[in-house]
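Chain naming follows the written order as A, B, C, D and E, and within any one chain the residues start at number 1.
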Amino acid sequence: MSHNKETLREIVIETAGINPRKCMKCGKCSGACPAYDEMEYHPHQFVSMVEAGKIEELMNSEAIYMCLSCFACVERCPRGVEPASFIEAARLALIRQSGKNHLKAEEIPAKLNDKLPQQAIVSAFRKYSK
Amino acid sequence: MTFSYYPGCTLKTKGKDLETYAIKSAEVLGVTMEELEDWQCCGAVYPMAKNEIATKLSSVRALVAARDKGQDLLTLCSACHHVIKRVNNDMANDQNVQLKANNYMALDVPYTGETTVIHYLEMLRDRVGFDNLKKAVVNPLKGVKIAAYYGCMLLRPSKTMAFDDAENPTIMEDFIKAIGATPVVYPYRNECCGGYVAMENNAYATKKCNTICTSAKEMGADMIITACPLCMYNLDANTTENNLPVLYFTQLLARALGVEEDAQ
Amino acid sequence: MQEAMIKRAKELLTDGTVNRVLGWQKGGVAYDATPAVFDSAEALEQGFVYDDFTAANLSKYLVKETKNEGKVLVFLKPCDTYSLNQLTKEHRVNRDNVYVIGVGCDGKADVEKLRAQGMDGILGITAEGDNFVVETLYGNKTVAKADVLAERCVVCKSRKLMTYDEILGEDGEVIDSNRFDMVEQLENMTSDQRYAFWQNELSRCIRCNACRNVCPACTCEKCVFDNVNSGVANTAAADSFEEKLFHVIRAFHVAGRCTDCGECSRVCPQGIPLHLLNRKFIKDINELYGEYQAGEDTDSRGPLTNFTYDDCEPSIVHERGVE
Amino acid sequence: MQRIGVFVCWCGSNIAGTVDVHKVAEALKSEPGVVISTQYQYMCSEAGQTLIKDAIRDHKLTGIVVCSCSPRMHEATFRKTAAAAGLNPYMVEIANIREQCSWIHKDMEVGTEKAIILGRAAIAKVHLNAPLVAGESPVVKRALVIGGGIAGIQTALDIADAGFPVDIVETKPTIGGKMAQIDKTFPTLDCAACILTPKMVDAAQHEKINIYAYSEVAEVKGFVGNFSVKIKQKARMVDTTKCTGCGLCVEKCPMKKVPNEFNLGMDKRSAIYIPFAQAVPKVATIDPTACIKMKTGKCGLCATVCEAGAIDYTQQDSFIEEKYGAIVVATGYNPINLDKYDEFAYNQSPDVITSLEFERLTNAAGPTAGKLLRPSDGKHPHTLVFVQCVGSRCDVANEKGKSYCSKICCMYTAKHAMLCREKYPDTDVYVFYIDVRTPGKNFDEFYRRAVEEYGVHYIKGMVGKVAPQADGTLLVQGSDLIEGEQLKIKADLVVLAAAIEPDKSARPLATMLTASMDTNDFFTEAHPKLRPVESPTAGVFLSGCCQGPKDIPETVSQASGAAAKVIGLLVKDSLTCNPCVAHSNELMCNGCSACEKVCPYGAISYEDKEFRMPDRTTAIRRVASVNPAVCQGCGACTVACPSGAMDLNGFSNSQIMAEVDAICK
Amino acid sequence: MQVEKKEFKPTIVAFCCNWCSYAGADLSGTNRLNYPANVKIIRVPCSCRVNPMFVLRAFQRGADGVIICGCHPGDCHYTTGNYYARRRMTLLFSMLDFLGIERDRTRLEWVSAAEGAKFAATMNDFVETVTKLGENKRLEDLRCKKQ
């Protein structure tokens, strides 16, 4: 189990391509985040939890679908840590497993309306399914 | 002035207006937009993961096509611009992506990020020039107070996008001045509208939209302009307080240039 | 061209602009022209020559010549002007004492290539349009000039004159040449193959010093190889340090200063492609530190008297080429 | 042929434990030129040194090799030993058979064999050693201090008090620097002006101190003990010998809309101005970019009202050349530009200010006469948010900020917060911090007082966005990492603790001085621990923030430290030079300038010299010559030299090759 | 009489700058960190004092490997010396490689006065690499091809 935990941690760090140890725990990401109040775990926690290997907790949290991918945290991080990349990596660690897609094709029609742009559907698929 | 032009999925369907006004206005300004043949959807989301390659290939194809024509690649939709520009940056600087993408595509001449990706607004600023645009305006939008909504995609991450100062951009305000209107600066013009959750979680998107529209309205705006079809939809459909009319910037451009009607 | 050059040289001698002329004079055989100084119209008439075999780079002779009184007129081909610039930069030549007439150049012929075409016993050579008519012991033969163009001219890097006071003929352009192809070929060989190549080439050296003596970058007051205190001069013992590494040391000494004029290989009686050593340095410098052409100007810092904080580490050698 | 003595040291069992010292001495005895080879328990001891001295005399030795510990340890010792016995100290070579042999090998045979080879290499080298005599160069007994802030003033005062003349060059119209702009000082809260201005006056009145204000260093030549400096005095358009500083011109000047740089642009000054009341020298300066007379030729009011007749619109920049024995750099710091940090809305709201601007806002001589008022509407702010570490502690790849901690911000922010609460108890004061760093005497106590006694709200977290609202307030959005929430504070004033960086003039100055800098443009010290006030370039000393961020007490300490070093240099009549320097063989020199280009000290110059040639003609040639007082002996030139004319004493080409040969044999 | 084939022990010349690397070497001694006795150190004031001729000379006289050690870039006692050394050695090593001399016989390393462990580790690694390459015959035989 601990091996699995370690492997997951490595996968997420490799996918994000960022060293979480660069974080100085200033919390500017969470100060900047427009989705803060919607999230169970906040941007700075994503970084420290990845560092601590708590990947499963992140994968099981709704927080990974609350990130708006607006890159405010990426833009403002003084240490180049990119919390959004960790969130994406945690999400990918989950949806790359078979049957773990967050968004399933059959759910789509119910969500459509005649004004919704293609972009919304395409991006939702990109972000939430594999 | 001729550019290779990448429209993207939405501009051919729900976001038609953004494109029609843009093309019509470009003609007035002496800019030809040559739509790429056989372009594919960029995917609308830049794949941040370092080990994603396949999802970047459609952008690479567009970039290569522009390179082979010897033209700069013009974009209009914020999302397409974001994705293509960042993929281009990877092709220039990320050896892993560069190698794998080139291996996969087996091009005659390998692609290493040579194409310049330029957004329509950048084209107006850097190639046409806002001063020249001002001269071309026949129908200045005097007295109209306009709040520019930038969103996320055009500005961030600024190191790669190099579009404008990500925290205090001026390009759209300068555009508004050029077409004779009055820009309204408000603090949430670069804060996310929640576009990605618009489909799944209306209530959440509404919170974000309300903050933006309220702020713009409090600062005295009559309307909001944007360059992104998703922001446009979201701000229009999901705002519940202090609604303001939301328009594509290209529509106002066409209006100022006197070709709004023609475009219809 | 020769006539025009003589005419102009006479004028400059007459009006006192210069008091002597550095050019070429006909040697003992048809294809041999040697550098010479002419101090009168008569001397010019008698001996001055300019043709497809006046290959020598006259810049080096200016080091000595400019030490004398008065101004000297020199005729320089484009590649020679690079050398003059480099010598000016290194304060070896006082440019003020030189009057340069730049002459356009379409490349010079290589007599070895004539011989390779089976022409022995050459008595005389006449240029006729794009061809040479070669008079030999065995009758006249015609050969296309292009087929006997010297190797260095085939891959000519520039036909543009870098410095001149006036031009006779046409100034050309810097050429995007493929002069590094052979270096690249060697780089793509295995280490063993490269070693075999160089061992074969360098073993033929007879240490005649012709390469050193002709090289416009080798103008030292006293060459290290002639200086007992330098630790490398030791001409007596055949297996001495100097003997083994003469060409490597020489190449390093001119690295960053060599303009790639190709004189070293031209004069080598053993036909060793010495210029490849210099070109390897030039290619490395271009690739690792940015394009640099010695002799392009007279004031820039050379690549070996310069650096940047983020230069590559020597371990880059491991990352490039074939082991 | 040299007569060489070899002395093998046991170093107790340190060497003898793994090296058979007898065998080494025996083996080296048969090397060419060796006339005596012996061993002893401790060569560095009194008895060991006597043994060497006796051998030098008895055997008429011309060179010695000591096989012992590292030359970094006892080379100097054995050189003195040799000198005491009448042998030139540079005829000594050390074979390092302890640190680089006995201590790293366990096997006696291996150690012994290597020790013999190292001995041979040293013998081969000493054969080629030549006696060297250290030269001397005179010392000009005058110091230059570049920068007239508290660092420069303190350094100048200390040097002058020791009796040496000092010139201060200050680029602004007055000395005083940043400290003159500061209101109170932490942690004692005494008034900055009250402790600084007396020092400014002391400097102005000191008979040994000469102040060149509104001046810049234009050129530096020379070397330690003998610098030659060209100083540019910028045209003030005011004759400083006549101006009495009465201020009438300032009052009458019709152009009163120039942003006042002393108050960081928060109010206006006139085109002719005196930066502040206690300015030294207290004379007026005309700002040519604003002056109506200078721009249009019309006006001239100041000249009309000036009773002293000091105004001179035709004044030009002038240059002074002076010689100095030592130079002290005290160029100070500036807060970084915050244009790239507009998430804090610095460019979008006048009510977002830097800490230095806050100093002016609370200073009695500032734009608000010391009343804390919002720049936008002049109203009293009730909620203040301080943001720390703006642009400090960034990743090195971050293009906006600095990688270092700016060091002073934690304390001045605590000071600001405390003073604010003390003077205006109706205010709410928040401080967002990443860490509070308070190492210093009474520093942490001070910070704790701000929290405990003055009720400042310290929030562990960082502000992510400042949003200016329609009602004129600033919505500050930040994280509270302890509470685990995102705070939104409606503030009236936001104060940013901007990172500090070296003054922009430092980089070109470093080039002129050939003094090294780090990647942040702070001057590098000769040794980070043991020589912190000296630059690696001899004769150049460092004072204050040009070397790294520091507060006032630290700056003053360093200033006095630098002064002590300068005094130590200036009391000497001459300096002994290191004789292991480069020299050029003029007969071989091509004059090509390669050596000059790589010399980091500018020690090489060229001259045209006449030479008699072998054929009895004369020729004039350009040849290099090395100034032995400036050369530090790195040897870069020796390799750049294509002809081998340039060589290095003590490490000559032939010496090094002899060592190579001996090792590879 | 020794009959068994002697184990190959390469001769390694290490040029160390006085201020950083030589002190680093001393430190590895002070800390009793072992590295093979094949390594012989020559002290130079700065890595920029190392003339490429010295490297060639060493090889020609029978060295099997040559390593140059200097202060880390930015830390040079003489400010810029190691930057010049870096360029010179890069070009030299590349030339040796071009001539077919094994590229692993040359190395440039930055070792500070505090890096005793790095010095020892570097030397151990370098000796191991060169030992694997065997005796250096190539430079010596560069001009010895029988015609």
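For the reader, a short list of remarks on this structure follows.
Quick note on the criterion: a residue touches a chain if its C-beta (ideal position, glycine included) is under 8 Å from a C-beta of that chain, and two chains touch if they have at least 3 such contacts.
Remember, it's a predicted structure, so these values are computed and weren't measured experimentally.
Listed by label, the chains that touch chain A and also chain E are D. Touching chain D and chain E together: C.
In terms of the distance between Cα centroids, chain A is separated most widely from C.
Counting C-beta pairs in contact across A-D and across C-E gives the higher total for C-E.
The most centrally placed chain, judged by C-alpha centroids, is D.
Centroids of chain A and chain B (each the mean of its C-alpha atoms) stand 24 Å apart. Here the CA centre of chain B is 49 Å from the CA centre of chain D.
Chain centres here are Cα averages; for chain A and chain C they lie 64 Å apart.
Contact with two or more other chains is made by residues 52-53, 57, 61, 74, 80, 84, 88 of chain E. Within chain A, contacts with two or more other chains are made by residues 72, 75.
Within chain C, the positions touching two or more other chains are listed as 231, 304-306. Chain pairs that touch one another are A-B, A-D, B-D, C-D, C-E, D-E. Across the complex, chain A meets chain D through its residues 22, 24-33, 36-37, 42, 44, 72, 75-76, 78-80.
Against chain D, in their complex, chain B makes its touches with residues 159, 165, 167-168, 185, 187-188, 191, 215, 218-220.
Residues 11, 13, 18, 22-23, 25-30, 32-35, 37, 40-46, 48-54, 57-58, 61-63, 74, 77-81, 84, 88, 120 of chain E are the ones touching chain D in the complex. Residues 343, 389, 393-395, 397-398, 401, 432, 434, 460-465, 477-479, 481, 484, 486 of chain D are the ones that touch chain A when the two sit in their complex.
Contact residues of chain D toward chain C in the complex are 587-594, 597-598, 606, 619, 621-622, 640, 642-645, 653-654, 657.
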